[in-house]
Amino acid sequence: MTFEILAQAVINGLLMGFVFALVAVGLSLILGVAQIINFAHGEFLMLGMYTAFWMWALFGLDPLVSLPISIGVLALLGVCVYKLITKRILDAPRLTQIFATFGLSIFLRSLAQFLWTPNSRMIQNSWVGDLRVALGGVYIGAPQLVAAAGAILAFGVIHWLVEKTEVGRAMMATAEDRDAAALMGINTEQMYTLAWAVGSACVGLAGGLLTTFYSVEPNIGLVFGTTASVVIALGGFGSIKGAFAAGIIVGLIQVVGGFLIGPAFKFAVVLTVYLVVVAVRPQGLLGKY
Amino acid sequence: MALLEVTNLTKRFGGLVANDDVTMSVNEGEIVGLIGPNGAGKTTLFNSIAGVYNPEQGKILFRGEDITRYNPEQACQAGIARTFQIVRVFKGMTVLDNVMVGSYLRSQSDADARERALEVLKFTGLYPKKDYLASALTIADKKRLEMARALATRPTLLMLDEAMAGLNPTECQAAVDCIRAISREGITILMVEHVMEVIMPISDRIVVLNSGKKIAEGEPKAVSADPEVIKAYLGGKYVARS
Amino acid sequence: MLPVAAAVIALAYPKVFSLPYPQHVGVLICMNALMAVAWNITGGYTGQVALGNTVFFGIGAYTSSLLLRDFGVNPWIGMLAGTILSMIAAVVLGYTTFRLRGYYFTIACIAMAEIVSAIVVNTRRLGGAVGVTIPIRDASLLNFQFHGTNKAPYYYTILTFLAVALFVVYRVERSKLGYYFRAIREDEDGARALGVNPARYKLIAFMLSALFTSVAGTFYAQYVMFIDPASVLAQPVSVSMCLMAVLGGLGTLWGPVLGAMALIGISEATRVTLGGTGQAVDLMIYGLLVIVFAVFQPTGLMGMLGKLKARKE
């Protein structure tokens, strides 16, 4: 009995972990290439979720169908934010950058509240909404399963893009040393734009997938954003693989820790683990630093 | 007993041996030049002495005190001041404020610190620029500011890492004069330099590193005539020009 | 000359504006300025972007409130206890995080603050998510409570705290501490080479910051008479302390005060003119303003004043 509950917790944690991982990979990509932590990343996710919600509410599109739209909208948002804001402060002190993205997060959060009220909203009867798979005494929700699969797929694509393609190599060269990359003839401006587009598209996808089983409200980004920054720090800044692995770990710790200590403490457990890790390894799990 | 004694020092970075069993010493009042080709391990040796790195093996004695495991601030407090190969001035602070940070180390009061800082600025010729932001200085002045800042801590040993790299001949000459003046004040100097014309005449002794190992040590003349040194580093270049 | 004028205006303010609302705004500005001045010690002078100052604000607010509610301890003594606890917390926070640099440090601070918040939310003894109502005592300075519509006593109390904090920062700026703080901000390794022990001085900066933030926490509790995790321990509270300091001008004496005046002024003005809080228009403008400043005026209001002055000359 307890074993089954624990197994259930592990499965849930794992599946949620993949979603965290996807969100974190997007943040990590932007940090790695464009050298800035987007503290509005959680709010980007919130907008991704709202995009999926409104596609459903206004046009009856299932979130799985509107995924390309969520991805596109967010990629566009990422490019706009880069061109309008962060591009101008690339060489500014870190605090200025933090300041700007905090301002952005406050703006987006209150904009959502202004436009769509603070109420939380949920998509009813999406295709995968009520389905679940039984495995012995353990149930796996179809929405979570689909979300995890989508996250894994997306990570595969990004990993392939970064490791195997010409563009990816150019992007990593830019991440390594912007000036050297520019000397090698890489269009670093394009690489920054691309990183913002792909990094933001990740949360477009994650947002779309989340809406099948998660309600959306203007403040949803706070927890997800904080979690994502903890995840990339845990994985080690600049490591996309580290971010993905750490995302899964965080998902597991959250649910299992919540199960063992109490659900109210699940977030605190994650943060404590993070603090213990960086106390021992200040550069995170896979970071070079 | 020498002021600084480095014995059998080894420092590795992963598989790379940056300093390999280096033994050398610096006597009180001397100017010692540390030379060697790029990547020879000169900066690494500086960093081990200044407490930035913990060497894997070996011992560093300063005034008879074992400072091998010291951290940078302890090394400085013990009387070792250094400049950096890539300048690290406090860009957002004025020249005077940069030097104040150094002079607070051994000052009893704010007034004391200020007096000491102004004194050092006059000594190094930076006084007219004391209210400039450090970021507004030329590279030559930045290097000089690092020197001034280090001097303000009232060191026994001053370590200069390529204090003349990137300077034009006039600036170079000014720096040489400054270093000679520092030496006359009784401060011992250990300096890394690439410009041979500069380091040979100014040094009392030369230590040569190559691929992490010490390959020669002695008076400038003897060292520049050493076949191994010529082979490793100087090539025909220095010999031909001198 | 300027500080004298500022002092005169600050002292006369509640006499000139005797209605409760402007006095309330005055209290808000001073309280937020105090928090921003405190944040500026670590974030501005020492360059450590600590986004967890709610820990100290919370300790200040909760310590005095719980001591008063459960043991009848005078809030002034509670405030003292809070500052001591906060400074201890600063040491703990400092020791666990001072090895971390840059974003790692910032995120560790956020994590600490969230952990503290989670603990309070889930501990009934501490009021849980519901919060703590501060028991009413007779109105007097000794009881740190002033009832009625005249907010002037609260105003003068917080103004005094702010003045003390500004004086301390003014002295620190011109002493060894101030020089070492700025050296650490500019280049930690460079500072170490000059004999500065960064861990030690970061810790001192934290403790100073914790002290003033904690005092602001106790004041907040005594002023609002109610505290809960959402108003005292939430991440946006930490962020706003930082934003005011940055907006005003980092690492400057008066910057945080200007920042608090500007942000509180704007948010109150939009609230009053655009109505109801649920609409969040005030926050939208605030967010936009922060972005605009980060992009176009990163040195804050102080930098802007400096430029104006230079142009005149």
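Going by the order they are written in, the chains are A, B and C; count residues from 1 in each one.
The working rule: a residue touches a chain if its C-beta (ideal position, glycine included) is under 8 Å from a C-beta of that chain, and two chains touch if they have at least 3 such contacts.
Please read all numbers here as calculations on a predicted model, not as lab measurements.
Novice: Taking chains as nodes and touches as edges, what kind of graph is this: line, ring, star, complete or other?
Specialist: line
Novice: Looking at C-alpha means, what's the farthest chain from chain A?
Specialist: Looking at centroid distances, B is the chain farthest away.
Novice: So what's the Cα centroid distance for chain B and chain C, whole Å?
Specialist: 44
Novice: Can you compute the centre-to-centre distance for chain A and chain B, using the mean CA position of each chain? Integer Å is fine.
Specialist: Chain A and chain B have C-alpha centres separated by 48 Å.
Novice: State, to the nearest whole Å, the distance from the C-alpha centre of chain A to the C-alpha centre of chain C.
Specialist: 31
Novice: Once bound in the complex, which stretches of chain C touch chain B?
Specialist: 174-176, 179-180, 182-183, 185-187, 189-198
Novice: Help me check something: in the complex, which residues belonging to chain A touch chain C?
Specialist: 31, 37, 85, 88-89, 92-100, 102-111, 113-114, 117-118, 218, 222, 226, 229-230, 233, 237, 262, 264-265, 267-268, 271-272, 274-275, 278-279, 282-284
Novice: What does chain C use to touch chain A in their complex?
Specialist: 43, 47, 49, 96, 99-104, 106-108, 110-112, 114-115, 118-119, 121-122, 235-236, 239, 242-243, 246, 250, 278-284, 286-291, 293-295, 298
Novice: Over in the complex, which chain B residues touch chain C? Could you list them?
Specialist: Per the stated touch rule, the residues are 50, 52, 71-73, 76-77, 81-82, 84, 88-93, 97, 100-102, 104-105, 107, 110, 113, 149-150, 152-153.
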